[in-house]
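Below: one structure, written as structure tokens.
Chains here go by letter, A, B, C, D and E, matching the order in which they are written, and residues are numbered from 1 within each.
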Amino acid sequence: MLDLPWRFIAILLANGLLVGSMYALVALGFVLIYKATDAINFAQGEFVMFAGFLAAGATHLAGFPWWISALLAVLGMVVFAFGLERVVLRPLLGRPIIAVIMATLGLGFVLRGVATLAFGGGTQTIPLPVGDEPVLLGPLILPPIQLVGAGVSLAFLCGFGWFFLKSRIGVAMRAVADSQQVAMAMGINVRRYFALAWALAGVVSALGGVLWGAMLGVDNQLALVGLKVFPVMILGGLDSILGAVVGGLIVGVVESLSAGFLDPLVGGGTKDFIPYLLMIAVLMVRPEGIFGRRRIERV
Amino acid sequence: MSAPAPIGTTLPRLLRGNAERAPQRTAMREKNRGIWQPYSWRRYWEETRDFALGLAAAGFARGDKLSVIGENRPRLYWAQLAAQCLGGIAVPVYQDAIASELAYVLDHAETSVVVAEDQEQVDKVLSLKARLPHLRLIVYDDPRGLHDSSSPLVRSFEAVQAAGRDFGKTHPLYVEAEIDKAAPDDVTLFSYTSGTTSAPKGTMLSHANLLFSASSMLAAEDVRPTDEWLAYLPMAWIGNSLFSIALHLLVGFTCNYPERPESLQRDARELGPTAALAPPRYWENLLTAITVRAADASRMKRLCFDFFRRLAERGERLKASGGTLPPWLRAGLRLGEFLVYRPVRDQLGLSRARWAYTGGAALGADTFRFFRGFGVNLKQIYGATELAGLCALQPDHAAHPDTVGPVLPGCEVMTTPEGEVLIRCAGVFKGYYKQPEATRDAITAEGWLKTGDAGFVDQHGHLVIIDRAKDVGKLADGTVLAPQFLENKLKFSPYIGEAVVFGDRRPFVAAMIAIDPATVGNWAERRQIPYTSFQDLSARPEVHDLIRGEIERCNAVLPPATRIRRFVVLNKEFDADDDEITRTRKIRRRFVGEKYAAVIEGLYGGRGEVALSAAITYEDGRKATLQSTLAIVAVEPPAEAQTEPAYA
Amino acid sequence: MFHSETGVFKTSYAADMALLPLPVARWAVLGIALFFLFVVPLVFSAYLLTLVNLVLIAVVGAIGLDILTGYTGQISIGHGGFMSVGAYTAANLIVRLGVPFWLAIPAGGLMAALIGIIVGIPSLRIKGIYLAIATLASQFIIAWTINHVTWISGGIEASIQVPPPSVFGWKLQTPEQLYFFLLFFAVLAIVATLNLMRSRIGRAFIAIRDQDIAAEIIGINIFRYKLYAFAISSFYAGVTGVLYTYYLGIANYEQFGIDVSINYLAMIIIGGLGSVLGAVFGAAFITILPEATRLFLTHFGGVLFSQDTIRTLVPNLTLILFGGLIIFFLIVEPEGLNRLWRNIRNYFRLWPFSY
Amino acid sequence: MAIAFAGLAQAEDKTILIGMQCDRTGPTQVVGTMLCPGTHDYIDLINSQGGVDGWKIDASEVDTAYQVPPAVEEYEHAKQQGAVGIMIYGTPQTEALNQRLEQDKMPGTSPGFGIAASGDGQYYPYLFPIAANYWSQGAAAVKFAKDQLGGSLKGKKIAYIFYDNPAGHEPMPVIEELSKVEGFQLQTFAVPPPGVDVSSQVLAIAQEYRPDFVIDHTFGKSPALIIKGLKQNGYPLTHVVALVWASGEADIMGAGGWSVAQGYNTMQFAGAGEDYPVIKEIQAMYKKEGKEPPAAMKSTVYYNRGVQQGALWVAAIKNALTLTHGQKPTPTDVKKGFEMIHDFTLGGLNAPLTITADDHEGGGWVKIFRVKDEGFVPETQWFRAYRDLIVDREHKTAQQMAKAN
Amino acid sequence: MLALNNIEVVYDNAILVLRGVSLAAKAGQITALLGANGAGKTTTLKAISGLLHSERGEVTKGSVEFAGERLDRLPPHQVVERGIVQVFEGRRVFANLTVAENLTAGAHTRRDRGTVKDSIDRIFEMFPALAERHNQAAGYLSGGEQQMLVIGRALMSNPKMVLLDEPSLGLAPQLIEEIFAVIRRLKEERHLTVLLVEQNATLALTIADHGYVMENGRIVLEGPAAALQQNSDIKEFYLGLNEAGARKSYREVKHYRRRKRWLG
């Protein structure tokens, strides 16, 4: 048996899996939108941040209990996503990918500006009724908020998976994802499904916002969670829900392990780019990601 | 203005002289893939010489005929000059002629060599081979699709030239010697008349004929060696031979060939020719295009355009009536020059043109005034194939829609008691090929050419042409009727593409109208009038109403007797393939009258509609018949008419 | 309306490829040149010149990014990284070897080009959004490397102070002096790119952007040209990095973060993709926007808001304006400022018609 | 003639302009949005009392979002408008402006950040750190750990967790040097920007390395996450000392509030809390105007630093005015004014600060406050540590820099 | 039943694709729309089905009327609800969905969800080959099966009228016959109205009742299918016959085209 710090590895693994499942939740927002509308939402991080601000704002400014605040955040994000789809994304349908990338990046700036103006510059908290005392599980010390976050994330991921595979709306959404034009010709109101996809992404963002906000505190920086999620979804495959989960877990674990072992060797900071390196390596082998669908290019 | 000295030279000698005097000057430019490729005079001469050698090597001899068929391409000019160098005769033919027409001309001219532009023309000629016993060689310019032609007759232009260079090695200075053998009076060009009345006749023209026309033109008009000339007219048209060959060689300006007929407008703009000649049809189409473009422009631009257009027209009318322009109008026109006229001329590529001619047929006065108002120095010229193209043109100060100007120096004019215009000058042709009777009919014993046009010389000495003498008729009540005058008035409407007016020995004037599909189609779309095809559109009552309105506007300025009372809208365009118009787009009124006799009877029969059965000829010779029913539309006489004198 | 295009024709392919075929354009360029050579340095205050200088630097970078993204259709969200490569390469050469600017600048560009090629290698297999994120990854990796390899970053501060460039022994330090220095490089970038885009390479780039599979079929080696695009584009980025370094007097990788990459993307989007002129417009617009917002609000915002509110309002409003404008242009005028300019030009060019 | 927007804001006759930079939207906005209002409030307070010898002070603020180009641009703008000096915000900005300050003879301040060696006034004549730099802070942290661990560090393990950017790296050499001097074992843990995720570093410290003391030199969100993480992993916060930018109320709040952060040691170069006469005066000013004191005031640590910054500038200008006998001072006058600041305490909000032509750091004083109940409680007096070592280092580095350029 | 009145279609607010196109399709008949590539046939279909909007196209003038109701402003799903369904060229199946899911997606607009299952069974009866593969991803079907699937999928919406775009494109002759037999059967048995776009004019005119010819975004000729089959231009340009009535071979490819007259 190798002389490895097994307990430390186990802790890192557990930490990675928990964080990873929460990454997966944010990645799900990307995947939902990409699957249905072919658009990449570079403002997903800002969505999460904005949702966090909504929840925190509801708690601090209006004094609502946490669950009403969370509900308000969900509602707010759904309304916001609907409006966004209509005002910004719809006119960009069928335009080159860079248009959508830039529009969502631009949206990110707007959200950051609006959030700071509306809610102030400081860090705000979302007081979930989750204790601070670590949960001891054998050798593992697990922060309760992460456990809750991972649980909620996985539950939602399973729910969405079922919804997509089995329900009539799910079939329609997949048809839209397969070919918007043909779906349209079949009488599927593609716009409604786009709006639905954005709304679902809004729901996911709201959950992400509440969970990540509770974990990290809510301020402008919360949007940076969005950057962490790119390798997650690319690894998993942009259009796969399962991919989001697996990608999230992989990135969580890789980050955790690299921070634990590589950082001391090279002076730190590896966890930020190791997932990206991994992502590039995977892309070179499987350009569509682990679970992504190969797209056939038509000339 | 004095009569030019007779020019005792030939076209090939001029070419050789130009190449010696100014070898590096640009003689031609051919637009190819967006670039105006220049050819120097030396190149022109050398290419021509090589080709001539090649022809000689192939047995082409003095008196042989060479036909060119295609759009304006340098090589087709080189080929004509090469034939002429050898004492042969160039016979340019219309590139869009259908097979039967082409067969007639080539056979009649006994053409032995055809230089064709491309595969289409080669195929056309090849398909007629059986009917052309004299044909020995077909040379092509554009090799696409012809590389592996199986016919032994077909050779590429380069191959002929290469053979010529070989021939030249053994026969040094062969071409030069042949050139020197020629006399100015030798026949060098057959120009087949457009034949508004009958089958084409081969007008024989000598070097001297052509050079007379060119030099008298030079005496009367400001033509400069620095000019940029755009050669786009049909090569078979005498006007083109005069300008793009004779005048070109004589003056030494640069001849430019557009890329394709479709790109003419753009190429013209790029080039900005410093002088222009175009048939009336061209100016009419240009006017329609301008009107449509102006109507489609944004509001601000449209208002501006309309305002200054009216101002220009006002100015023109004032000038024509000899009045002086009030200062405000003068200022307005100057502003208009900056805001509208110059930009429009620039858009049309006419901003460098010092003068522009309309010729070949009469141009409507309104169209004429429009262009003059917009600062285009548009002038009328008058000529005939039998006169090597030209015998009268308007000086700058006397441009007027109703005259064609004084006859050129060296020309004499007289009118017969019947009103036919006779011309005598050194340009009068040598006769119709193989048609001595016709020649005798055309030239009087005193050497006067019977132009066949009715006209007179006005008090300023300017020639006025009323119409083809044969077409001028009288209504039943004796009113003289010049159909062309009415037709030109009608064609000023952007919606009317072609019009044919009848009335000779009839109680009133009636018209057959072919609508302009683009503008009427546009109009219909704007008004939500559904239509499928041209035929459908022509049959729309709304379109009839539109045309009726246009005719009523026209009637308003006509004396009541010559007003158009009934018309039909034809459900096909007049087409040269169907012999209804000439290749230069002049109406063959006689033919049309016969072909549509039933329709004309219908027009005077008082019924509401008439059955039409019209023959259609396809390009490849197939025939079909168009069966349909046309509505006859009556025009209400206007309540109060303000008349304008019509020439009668 | 103000000029004539009749009679402007070309008798050779060389003339056809001329940058300024129309006489009116040549006059306009002459006018602009006089303006920038005399009016700007003589009339503008030092502060305005500072702004102009920043615009000039941004012009180089924006054009470079436009070559890759606008002309070749490969999205890069990693240009900040390439800029820092150029900056540190030059800074090390300047400080350690005393290299003069005319060597340091191309050296920075070349090193960035090298890194650009490496980053471009995945473009063989991946495209679109995937490639965009791969370039984003390169940004992180470059930043991390500079931050952690002290041999590159010159110490744990990861900042290298650089003396001003000297031309014939003159130290260029004031905004006026730097203005001409930077103007030279901006003009060089503009002219070089215009010429590049008329070349075989430029046409291949556009073919790849418009239809890469078709381009491959007609015999363009897509991969090679994509790498060219990456190399050229990152060369410009590297030069931009060096210019920043000279301008700021310090090479600091934190100045070339994702926000910078996004800023440059915004420039070419707002300016109009695939157009040098657009990149110039965009560079100017994005650079001046925050200043204009601030000046406007600090001078006129007082009517509505208290000074304290304005202090919070200004930066956030700038962010909102910035993002909002990107979205606005994408939706309303996807071809950007360049299109607006062309519309104005065509309005008069086609006068009194509309087509 | 110069085209400039300057005309729009014609300064009133008796106004002294200071350029002021701030980050309200960038990565350090958490600090900027609290600190900058403090500066403004102090200057407003002075202005409301009639200014300095009749001169109104105008701090013209610009948001740089922690970017260098806007900082340079705004510096030029301020210079052109006739500013007597500039309040710099951010280390890279300080480095970029350093040469310009010298060239333009324009004093600039970089309290608690910037170039560590710039404490040396000989080599950095126009740059004024006016507070303990990162080296002094690092040394003080080691000293504090030593005191807390019973006066000796021999054989002890210390963890240095830092924000992985140049500023985060800065104290490292000093601490490394001290580890040799004091004989402790040092391991460093980097938090990569933007520092939103520290969980694995915290795990490595609390679960793997298990040090005797933790020195936390992070910014932004990280301090809060580290406090929370260490707490959740059962590491005693009393054995954590934060350098000055990990020591604000926002960090405590971000971690979940005072209760979570009990025992956490914070290092300050301006006093924390509201219990200072100058803060009371500002509150009174607001009250008089009938307005609520700004929210930023609740964040006493950063707000007070802002107040301190404003106060030092006012002090320097006051000194400069004595030199000019009430005439409008030039930037050089203000520079001299800074160097005349002597034993400046601002009613206890400051360490007894003395700035000389040699020492622009003002002594390198800090004070540790510990989180207790609902606030910060002083744990030490104003102190400084290993002063000779720091000063020596400043000299050497400054000399090197001077040579390089 | 369906009438296009003078419609004009503009893409991107700039590119004029159709000008003044008017045509009518009678109930229970097959109407053929002929024309070369790029003539605007597909655009015409999209103008009817409302799919233009998704391609930044717009019917800027004229109207599309179906059973007396304006369609030209309706989004595609409402057009399908009115009973018109378009079948794209190129057999555009939902490649990642199974055959059964494809058919389910086709029934999206139907309110009577209970009977969808029966409809699927009926499609399977019509195309037994599909039944065998109902659980397979549609992307893996053969070309002929995919064409059957897209027709079947279109029928799932219980349409009154089907817009068929190039059903023969890229299929083997035998399969083409099969598909055309199905189209004829649908007309005869279900009284389905069909607007058929085809480049294969010979085939189209044999089953069509009426025909239109498009060129450069305009209708240039119309008439009963029998008359069109006799038209000289049609023969030359769409039936590929020369004077002698023989088919032209590729060896005779010309670099020019004969002038068209479009006179009926």
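As a working rule, a residue touches a chain if its C-beta (ideal position, glycine included) is under 8 Å from a C-beta of that chain, and two chains touch if they have at least 3 such contacts.
Source: prediction; values computed, not measured.
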| item | value |
| --- | --- |
| Set of chains adjacent to chain B and to chain C | none |
| Length of the shortest touching-chain route, chain B through to chain D | 2 |
| Where chain B and chain E overlap in contact partners, by chain label | none |
| Distance-maximising chain from chain B - centres being C-alpha averages | D |
| Innermost chain, where centres are averages of C-alpha coordinates | C |
| Of A-D and A-E, whichever chain pair has more C-beta contact pairs | A-D |
| Intercentroid distance (Cα basis), chain B paired with chain A, Å | 74 |
| Centroid spacing, where centroids are CA-atom means, of chain A and chain E in whole angstrom | 43 |
| Chain A and chain C: spacing of chain centres that average the CA atoms, whole Å | 32 |
| Computed distance of Cα centres, chain D from chain C, in Å | 35 |
| Residues of chain C whose C-beta touches two or more other chains | 144, 147-148, 312, 315-316, 318-319 |
| Multi-partner residues of chain A (each touching 2 or more other chains) | 112-113, 116, 121, 267-270, 272 |
| Chain D: positions in contact with at least two other chains | 24-25, 33, 164, 192 |
| Pairs of chains, among all present, that meet the touch criterion | A-C, A-D, A-E, B-C, B-E, C-D |
| Residues on chain A engaged by chain E in the complex (per definition of touch) | 93-94, 168, 171-172, 174-175, 177-191, 293, 296 |
| Residue numbers on chain C that touch chain B, as the complex places them | 1, 4-13, 15-16, 350-355 |
| Sites on chain B touched by chain E in the complex | 118-120, 123, 144-145, 521, 524-526, 528-536, 572, 575, 577, 616, 618-620, 622, 624, 626 |
| Chain C-touching residues of chain B, taken from the complex the two chains share | 29, 34-38, 228, 269-272, 290, 293-294, 296-298, 301, 304-305, 339-340, 342-347, 349-352 |
| Residues of chain D touching chain A in the complex | 24-25, 27, 29-30, 32-34, 162, 164, 187-197, 199-201, 203-204, 207-208, 220-221, 224-225, 228-229, 231-234, 250, 253-257, 260, 295, 299 |
